[in-house]
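Dropping the structure in here first, questions after.
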Amino acid sequence: TAYAETAAAPQTEGQKQAAEGAAKLAKGEDDEPHIGTMPKADAHRVYVNDPAHFAAITQQFIIDGASGNVLGMTDGGFLPNPVISNDGTVIAQVSTVFERIARGKRTDYVEVFDTETLLPSADIELPNTPRFLIGTYPQMSTLTPDNKTLLFYQFSPSPAVGLVDLANKKFDRMIDVPDCYEMFPTANDTFYMHCRDGSMAKVEFGGAEPKISHSEVFHGEDDHLINTPAYSMKAKKILWPTYTGKIYPVDLSGDQAKVDKAIEAFTEAERKEGWAPGGWQPIAFHRVKDRIYLLADKREEWTHKDPSRFVFVIDAKTGERVKKIEMGHEIDAINVSQNAEGTLLYGLSTGDRTLYIYDEETGKEVRHVDQLGRGPQVITVSDMES
Amino acid sequence: TAYAETAAAPQTEGQKQAAEGAAKLAKGEDDEPHIGTMPKADAHRVYVNDPAHFAAITQQFIIDGASGNVLGMTDGGFLPNPVISNDGTVIAQVSTVFERIARGKRTDYVEVFDTETLLPSADIELPNTPRFLIGTYPQMSTLTPDNKTLLFYQFSPSPAVGLVDLANKKFDRMIDVPDCYEMFPTANDTFYMHCRDGSMAKVEFGGAEPKISHSEVFHGEDDHLINTPAYSMKAKKILWPTYTGKIYPVDLSGDQAKVDKAIEAFTEAERKEGWAPGGWQPIAFHRVKDRIYLLADKREEWTHKDPSRFVFVIDAKTGERVKKIEMGHEIDAINVSQNAEGTLLYGLSTGDRTLYIYDEETGKEVRHVDQLGRGPQVITVSDMES
Amino acid sequence: RAAAEGATHAPGPREARGKWEPQDHDVQSCNYWRHCSIDGNICDCSGGSLTTCPPGTKLATASWVASCYNPTDGQSYLIAYRDCCGANVSGRCPCLNTEGELPVYRPEFGNDIIWCFGAEDDAMTYHCTISPIVGKAS
Amino acid sequence: RAAAEGATHAPGPREARGKWEPQDHDVQSCNYWRHCSIDGNICDCSGGSLTTCPPGTKLATASWVASCYNPTDGQSYLIAYRDCCGANVSGRCPCLNTEGELPVYRPEFGNDIIWCFGAEDDAMTYHCTISPIVGKAS
Amino acid sequence: ATLGATGAFAEDKVTVPSHDAVAAAEAPKDAVVVNIAKMKYETPEIKIKPGQTVVWINQEAMPHNVEFQAGVTGEAALKGPMLKKEQAYSVTFNEAGEFPYHCTPHPFMRGKVIVE
Amino acid sequence: ATLGATGAFAEDKVTVPSHDAVAAAEAPKDAVVVNIAKMKYETPEIKIKPGQTVVWINQEAMPHNVEFQAGVTGEAALKGPMLKKEQAYSVTFNEAGEFPYHCTPHPFMRGKVIVE
């Protein structure tokens, strides 16, 4: 069946290429194959990671949200963590490979990709295979604000955070930390973590010895804080929902973590009906708009990693619900481009292996990008706004 | 919905395990987790290889055709060749891995698996990364009849066959060969190849210098011999179909290759209707029954790698058609267990990622094994009959 | 097509967001009662069994746990999900259940972690998971 | 669901065993005329284009060829399918066409071979294929 | 470190009577007991004399073990078996020193044996 | 082997005027021509004197090249560019010797330059 085109629909990438190819041929111009380069990152650049359901090798898709074109891909080993800077100048990952596919000598390493050629510009081995192997949580590997230090997490035999000097392309050191998880950098020598006891730890690593302090405990044992909160490094703010949709705004802009009044995404009546967040990456934050996006649905208890079909948009300042967007698909992860005008809402379906892209203002789906690996779960965006 | 069971249907593996687990629990017996071992190979052992559409790492599934249970799996690198001995004592592969997933230092190696533990018992690196990287053709890697030497093919810069001493776990040497492809061993120091000029080459490598001779050219330039003929090492016989279903029986039991009268699988009328073989591995041979199985369908010209839905069973001695089996699925590869009684016909669907198993006598589908990787294409069986 | 005898394919993961309804008759189905918090692939589908690892893999000593309800006897048991490691993921019988599953800072009940600790040869890739009982749920 | 603008997914491989019916309006569809003997993934779908490799890959010098019919001008052209190598297979826009495809002993027209020869750094893994014209089909 | 017939690691500072879990009732009678319950070693820091044996007894269904990192009890790490409820594991400490340990799946469970 | 400004590999036995394909018309006029057609080097074995240049001209649409394996013309392999129809590639042979070559994608296409 012929591909249906309407006068109004813009040309797809495939159609553009066909038209250009036909035009060149008609003019008698030779094809000159070569290797392409990546365009400069902009606010509509979006990265989708495919952990491929625990496969020994994985992939990342670099996509232009405005057109839906895949711009390039990177290969990763076992459960790599993507690391993307806010200014778009650093594309890196913390990864693990084995000498014989899935066994033999293990190598943990940081790989940095040239942003134009996508060829590796650094390959930094980490001593003692330290990295925590776990499903992909964005905050298990991060950059400091100056992009010079990469942080990664170690779990066993004892929690620690590793520092990698990207500027000099070498491993720096491990810092022992308390029983705390994930990293939220606020300065080039400071990051916060969330601890088992329910407090936030502040880790200052600029001096000879790390300086570690704790906030008050801010949630009880029965408030289960999800693994993949939304973090804005520029705002120094975490939006941390629990399984029931209580969202803790954790303000890291001061001397110590300060947790503001929690926002209940749902009324008590809604919660009784079963409304609760769910998915792999079910919360996003738009810094300039100061809006929270929560992926949620009516669900049975203990289904917090099942996909959801709705996004609730919440004003972060007032806690008021702005709107509810029907995603039209089973969505596992969401994110939002950080530009103020023409904001895009991204909804990734692991089962469909498709990134659905919506106009944030109208809530309408405007395009989609399919064939994204085997089990894509994570969406990363940069925040290039001032 | 509850799983529907009839009194007649035998217990599946999953049902058996559930019943055993419940019984143990009721008796108060503790679970004692441990690592299982492989049962001894029998005539219903079948191996399915998944090249995963050119992925950098791949898998092989070891299946009991009689029950449909997966007995174990092996990992492979890029486009590995499975190597299984006729007596079931050798499970090996020729494989390729890279230091950084799909780039960096390349290693070609032969890996032998312990048949009980499936752990590697040998890892033999091949010097100069010689192996031919191509879609998986069974005859690009083979064993000699005594299982002591593994042969693999090199294409570039110049055709050669590599010898690997399995007994002593070391690479032996490369033998330069003419412009010929694939290996059909007939003795521990002799194999045949098919050549670009349409002859068969005989390569005797027992002496200091290899001795190479050619048969007559036995087919014209327009007879396209498919890449994956059926070969019985015990019968020293190749059944080699062309794109149009003309099957050349190549007898390697004498001093030189002798090509018997070709068998036309289809009448001229049938060929005019479009009947022709097609798939990845579209021909199988049952040595004891002396029967040929050809996977075919009505097809347009130049669709020789598309799947087919029928298997034509042909008496190899008379060339007469015995029967036509409706496979009921889009099948890409076939094979047959070599036992005389209770013979199983295997039909692998790359698109369904499923091995369908048929009673060869009745032609009825009796079970299937699904979830076989991403793009399984090759079925290997042993010939344990005398 | 008509169901062939010994159909080996298991019903897939449960309906999204649906109630957990455990059964006790088919280990290869994601709603088998012991798999109430499994994340990964059922070992019985790739050469292992309910409580054994497939040949060629390495058995972890560590695990995460969940308290799963057995519909046959009405009791809840503590399941210690141990991973079989050192091989690529099997890809057969994938399931993700999260009964009682807690976030990473309560790792004892967390199933995102690669629980290969203690496996021989420091094997740390994930192939599949077994579901042995370690006791009654307290 | 209603087709969204700029739908990026291409119709899949052609109907099994069916006639080759080439089109000249969408490179990301398997029946684009130049892909008449392609085996693998279309580079335009993963950051390349009809004749360029995606960033991060290496371009082979060698290729296999096929003579493909252009429905627009009624001519046949020789397409030299060059692989982009050194990265894992893209997985996007997979196609297998075999117009004029010959067995391995006629490798010049064979598409099962990993045609990465000549790529920088001896890259030999397959990512995708481009479809440049090298001349009129003789 | 090679395992001798008695279970002793010749160059290590400890002796391990059994590398498998034993029923709590079979634990060495004169050993110093450290109970494990509620995700904790109940007595996380204990002091003993050289030659004394410590036995860890798991009092809950949640499996726990003890693990001494490489360099602590000997060159290699000493990873005790996972203990089910009412299972025990013993280690005899032959030399003076401080021996920190943790639970393999639960790194936040930590303890220390001080031998002096 | 480092590429000098003139395209000469200092320690190699050959000089390569251009590493890219050139139009057949632009090939060196005094070179010995080896035409490539019908999947063959038309004159697979040629004899020349030291200092002479050989030019391969592809006469068909099927791309071909010439490749000299490592150790033949120099330490490294010399891989000529793929030639389209009516494109050419030249090599000047400075030293005596036998120089076998093949076509990279078509190893069955072989030739030899004998320099004496």
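All chains are identified by letter, namely A, B, C, D, E and F, in their written order; residue positions are counted from 1 within each chain.
Simple rule for what comes next: a residue touches a chain if its C-beta (ideal position, glycine included) is under 8 Å from a C-beta of that chain, and two chains touch if they have at least 3 such contacts.
Small disclaimer: the values here were computed from a predicted structure and weren't measured.
Participant: Just to be sure I understand the contacts, which chains border both chain D and chain A?
Facilitator: Chains touching both chain A and chain D: B.
Participant: Greatest Cα-centroid separation from chain E: which chain?
Facilitator: The most remote chain is F.
Participant: Report back the single chain whose CA centre is most distant from the CA centre of chain A.
Facilitator: F
Participant: Could you work out how far the Cα centre of chain A sits from that of chain E, in whole Å?
Facilitator: 41
Participant: Cα centroid separation between chain B and chain C, in whole Å?
Facilitator: Computed from C-alpha means, the inter-chain centre distance equals 33 Å.
Participant: Where the CA atoms of chain C average out and where those of chain E average out, how many Å apart are those spots?
Facilitator: Averaging C-alpha atoms per chain gives centres 29 Å apart.
Participant: Which parts of chain E, given as residue numbers and ranges, touch two or more other chains?
Facilitator: 84, 104
Participant: Residues of chain A touching 2+ other chains?
Facilitator: Residues 30, 55-57, 75, 101-103, 155-156, 179, 196, 374 of chain A touch two or more partner chains.
Participant: What are the residue numbers in chain C that touch two or more other chains?
Facilitator: 87-88, 91, 107, 117, 127, 134, in rising order.
Participant: Treating touching as the only link between chains, describe the layout with one word: line, ring, star, complete or other.
Facilitator: Graph shape here is other: it fits none of the named patterns.
Participant: Any idea which chain B residues touch chain F in the complex?
Facilitator: For this pair, the touching residues of chain B are 155-159, 179, 196.
Participant: Could you pull out which chain E residues touch chain A in their complex?
Facilitator: Going through chain E, the ones touching chain A are 67, 69, 102, 104, 107-108, 110.
Participant: Which residues of chain D touch chain F in the complex?
Facilitator: That would be residues 61-65, 78, 80, 107-108, 115, 117-118, 134-138 of chain D.
Participant: Touching chain D in the complex: which residues of chain B?
Facilitator: Going through chain B, the ones touching chain D are 52-56, 78-79, 96, 98, 101-103, 106, 129, 132-135, 137, 155-156, 179-182, 194-196, 224-227, 278, 297-300, 302-308, 330.
Participant: In their shared complex, at which residues does chain C touch chain A?
Facilitator: Spelled out, the residues of chain C in touch with chain A are 16-20, 39-40, 86-89, 91, 94, 96, 98-107, 112-114, 116-117, 121-127.
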